[in-house]
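Naming follows writing order (A, B and C), and every chain is counted from residue 1.
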Amino acid sequence: MTAMGDLKRQRIDELAARAGQVPEGEGGVSLTRSAYRRLRRNPVAITGAVIVVVFLLVAAFAPLLAPRDPYAQYLLGEIRPGFIPGGREGFLLGADELGRDLLSRLIVGSRQSLLIGVVSTVLGVVVGMALGVLAGAFGGWVDTVVMRFIDILLSIPGLLMAISISVLLGQNQYSLMIAIAVTQVPIFARLLRGSMLAQRDSDYALAARALGIRRSRIVFGHVLPNSLSPVIVQATLSLATAIIEAAALSFLGLGDPDLARPEWGAMLSNAQDFLSVRPELAVYPALCIIVVALGFTLLGESLREALDPKFRR
Amino acid sequence: MSIEDLPPHGADRTGQPVLEVDELTVTFTRRGEQSTRAVDGVSFAVAPGETVGLVGESGCGKSVTSLAVMGLLPRRGVQVGGSVRFDGHELLGASDRTLRRLRGADMAMVFQDPLSSLNPTVPIGTQVTEVLLEHRDMSRKEAVDEATRLLDRVGIPDPARRLKEYPHQLSGGMRQRALIAMALACSPRLLIADEPTTALDVTIQAQILELLKELVVDTGTALVMITHDLGVVAGLCDRVHVMYAGRIIESADRHELFARPRQPYTGGLLASVPRLDGPRGAPLHPIRGSARDVIPWAQGCAFAPRCDNAQDDCLTEVSGSTVPLEYDGPGRELRCRHPLSYPSTPAGATASGAAR
Amino acid sequence: MLRFIVRRLLQLIPILLGLSVLLFAWLRALPGGPAQAALGERATPEAIARYNELFGLDQPLIVQYLRFLGRAVQLDFGNSSRTGRPVTEEFLERMPGTIELTLFAMVFAIGVGIPLGYLAARKHGSWLDSASVIGSLLGVATPVFFLAYLLRLLFAVELGWLPGSGRQEVRIDATRITNFYVLDGVLTREWDAAWDAFTHLVLPGIALGTIPLAIIVRITRASVLDVVNEDYVRTANAKGLATATVRRRHVVRNALLPVSTTIGLQTGLLLSGAVLTETVFAFGGVGSAIFESIFARDFAVLQGFILMLAVVYVLVNLLVDISYGLLDPRVRVR
């Protein structure tokens, strides 16, 4: 039936195309790309990302940015009981209790703090994922054994576990990282397994199996990649927890024994003794921790929103 | 011309209509997005004892219409215009208290998904008695007795035991019966059923429809049946309004509509249902495209992009006016410039359809 | 319901067994081994050898483990190397303080968190909503011990409104019955002692309660926002119920389900997470004991306290599961 003029048909098609336009990010666009688009439009995500990127840059270029040597005791001569020199020209944030430049120590300290957070999270993710894949891919008794072990680890409160491991491994920065990583392992293992189980029983995995595709290919080619998004989200959030937890362990005397090496957690717990003399000594490193943790949290939460359609409001 | 001006039709249409909807519009506005008009000038009326069907694909605005009538649309981001009169009283703009007094007592609603429509943490009994306690002057014990009677009436076996159970312990059909019991608890004069059978098994669907017919139609309650299922319409409705993209595009009595659909969309709907009495191997005739392929009503007929009968003047910029809903024979209204025509149709009715 | 509880109790057994294995392994791996753990760092090699013989540490590992398990079941973790007193005795003496502190923190977190989260959801998009979201993010991001120090500096040291350390004024000579100081004061009608012990809870309790507060606000808010859009709330409105009934029976009841799990989890975490706060306020509960034993290398106390706290944590989680079963009928049937 072509009673309709070509011109008009074109016009209708055009209108239809415009009115029925597929909303951005749905259909025709890959999931990661649409998630990225949603992230880019979310002010929360941008705030988080800016914070994280700024701190990462500071950590990367710390030696160039730090105005002074973080180890040198410049103003030692002025320190008396009850007095620690504050900010002045050349010492923007003043000196710490040993006369070292606080700003420089904060800037250089970002390296150590972020390193602890990143290393322990990466370690936790890798081991946790290995266990999770083991359980989720094989099922059966492997699953039972691994998950029982994970449940036992989960039955120990995180801080207690970190303390126990730090005590066991001795007081240094590596044991700190391992201790924090171990507290993350059960979380990631459980998360990945749960998400893999859901994917394994999904219709597309069944369809792939019905088509005779090998199990290893289904698991590593389809199920695993599709199960990763909750892990990515949790890892981002874990970076925040790891940095806070590192500070807590530092405070309990389980951190880096080398107090000269600048690190926010150690600086913060160290400064508690001078809180009534010069509270800024504690406030600045605390602010650094809070802001970085906030950055990772904001980024993680908006990632979750972007990746999980259920969270879209 | 609106429906109220038409001469009465149907055997039991006596007295004033219970519900009169006049030029109802519902517009959704979301921050940072273009506002969408989900319902665009819908008018219809329901008389006591009458069953009116609102038929259309998902997204055509039928459910929004029912929620607007009940006053259940969220207040934020929604503008409702036009008029909704219950028993002659205007409901749009009425106070929340007035509406709450009417809802559940004089007008009630049954929803599509019986599981999600029931509170999972409250026993069925409480969910039935709370309506009675709210609207009727009853003691708790009287309410429980009445609830038992109600469950029995909607065909739930062993009602006293079921009252103590939770929604997840009931089957899908039972849940829908329980929802119907709640809706009918205070013998409302108007019941709106929004796809009450869609979420149910086919065998259960028939039972629920039968139940509605028994309890509603036979007691003189006005019923608005919202559905996409022409089978439901055929079995239950006296009068049918077909909706497309927020507007009514065809209104007719059930028999008329099934015998002689005039809007090509209605025709398409009917043709896309497989027929047992047709010849074997006869092809089905789906409507092409999807409900997404619409153009705004201001620019022409919204169905035109999918319509086989569409011609140049279906577009406003050619004809100079939007497509109106017009008188199309006794008891019929039609929004179409090039409707389907039938040799037996009285000549006057096809005034606008002769162009073909 | 009873079967549900029994099943959950049975599921505890493998977890507790596994826990004991881990702890045994931990103890064996400690520098110096369990002998050092029991005798302290300054133990002479002879003393260690005597100890090893006495406790059969020259026996095969499995025998050792079974002995360890046997003693653990009898709550015998040896003596503290610092005070020389039995670990269990110290635990029982200090745990009531931590329980009081945890209860205060949770009452604070729940009492403020649920109403705030609910209001934030009701006023979705308002300044109150934004403020509570930002506040809850900050609450989680702030190191607890830093907040504890700030509170102490401001309200105890500078303003002097509230006591900043300990569980009770030393000069108050209170009668001890249960070691719950507030409770003891009430039981003995020594009202000033009870009040004094209570004021000592306020600052550490608030510090300890911030993280659960932040989490409860967030979960309550999200949960209420979810539930308000549920079909059954629409049904309730369609039934013409009074707004108060809809909110109480249909919104709040369902919205609190996820909140109750969070509350339980957080309570368990606080019981053990009090280490930091108690240390700042020198509170004298289980937490400060752990801190002190880390410094004193008092492994006997560490292992005993960690195991007993983990058991408490597991039990609290069990209670949470059971109460969740009571709240949500759907769980019971499964």
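The definition used in the following text is that a residue touches a chain if its C-beta (ideal position, glycine included) is under 8 Å from a C-beta of that chain, and two chains touch if they have at least 3 such contacts.
All values derive from a computational prediction rather than experimental measurement.
If each chain is reduced to the average of its C-alpha atoms, the one that sits nearest the average of all protein C-alpha atoms is A.
When C-beta pairs in contact are tallied for each pair of chains, A-C comes out on top.
Farthest chain from chain B (centres taken as the mean of C-alpha atoms): C. For the pair chain B and chain C, the distance between mean C-alpha positions equals 55 Å.
Between the CA-based centres of chain A and chain C the separation comes to 25 Å, rounded to the whole angstrom.
Rounded to a whole number, the gap between the C-alpha centres of chain A and chain B is 51 angstrom. Residues 148-149, 151-152, 155-160, 163-164, 167-168, 170, 240, 244, 247-248, 251-254, 265, 268-269, 272, 275-276, 279, 282, 286, 289-291, 293-294, 297-298, 313 of chain A are the ones touching chain C in the complex.
By the touch rule above, chain B contacts chain C in their complex via residues 70, 72, 96, 99-105, 108-109, 111, 113, 116-122, 126, 130-131, 134-135, 166, 168-169, 179, 182-183.
By the touch rule above, chain C contacts chain B in their complex via residues 230-232, 234-243, 245, 249-250, 253-254, 257, 327-330, 333.
Residues 14-15, 18-19, 22, 26, 29-31, 137-138, 140-146, 149, 153, 157, 225, 268-269, 271-273, 275-276, 279-280, 290-291, 294-295, 299, 302, 306, 309-310, 313-314, 317 of chain C are the ones that touch chain A when the two sit in their complex.
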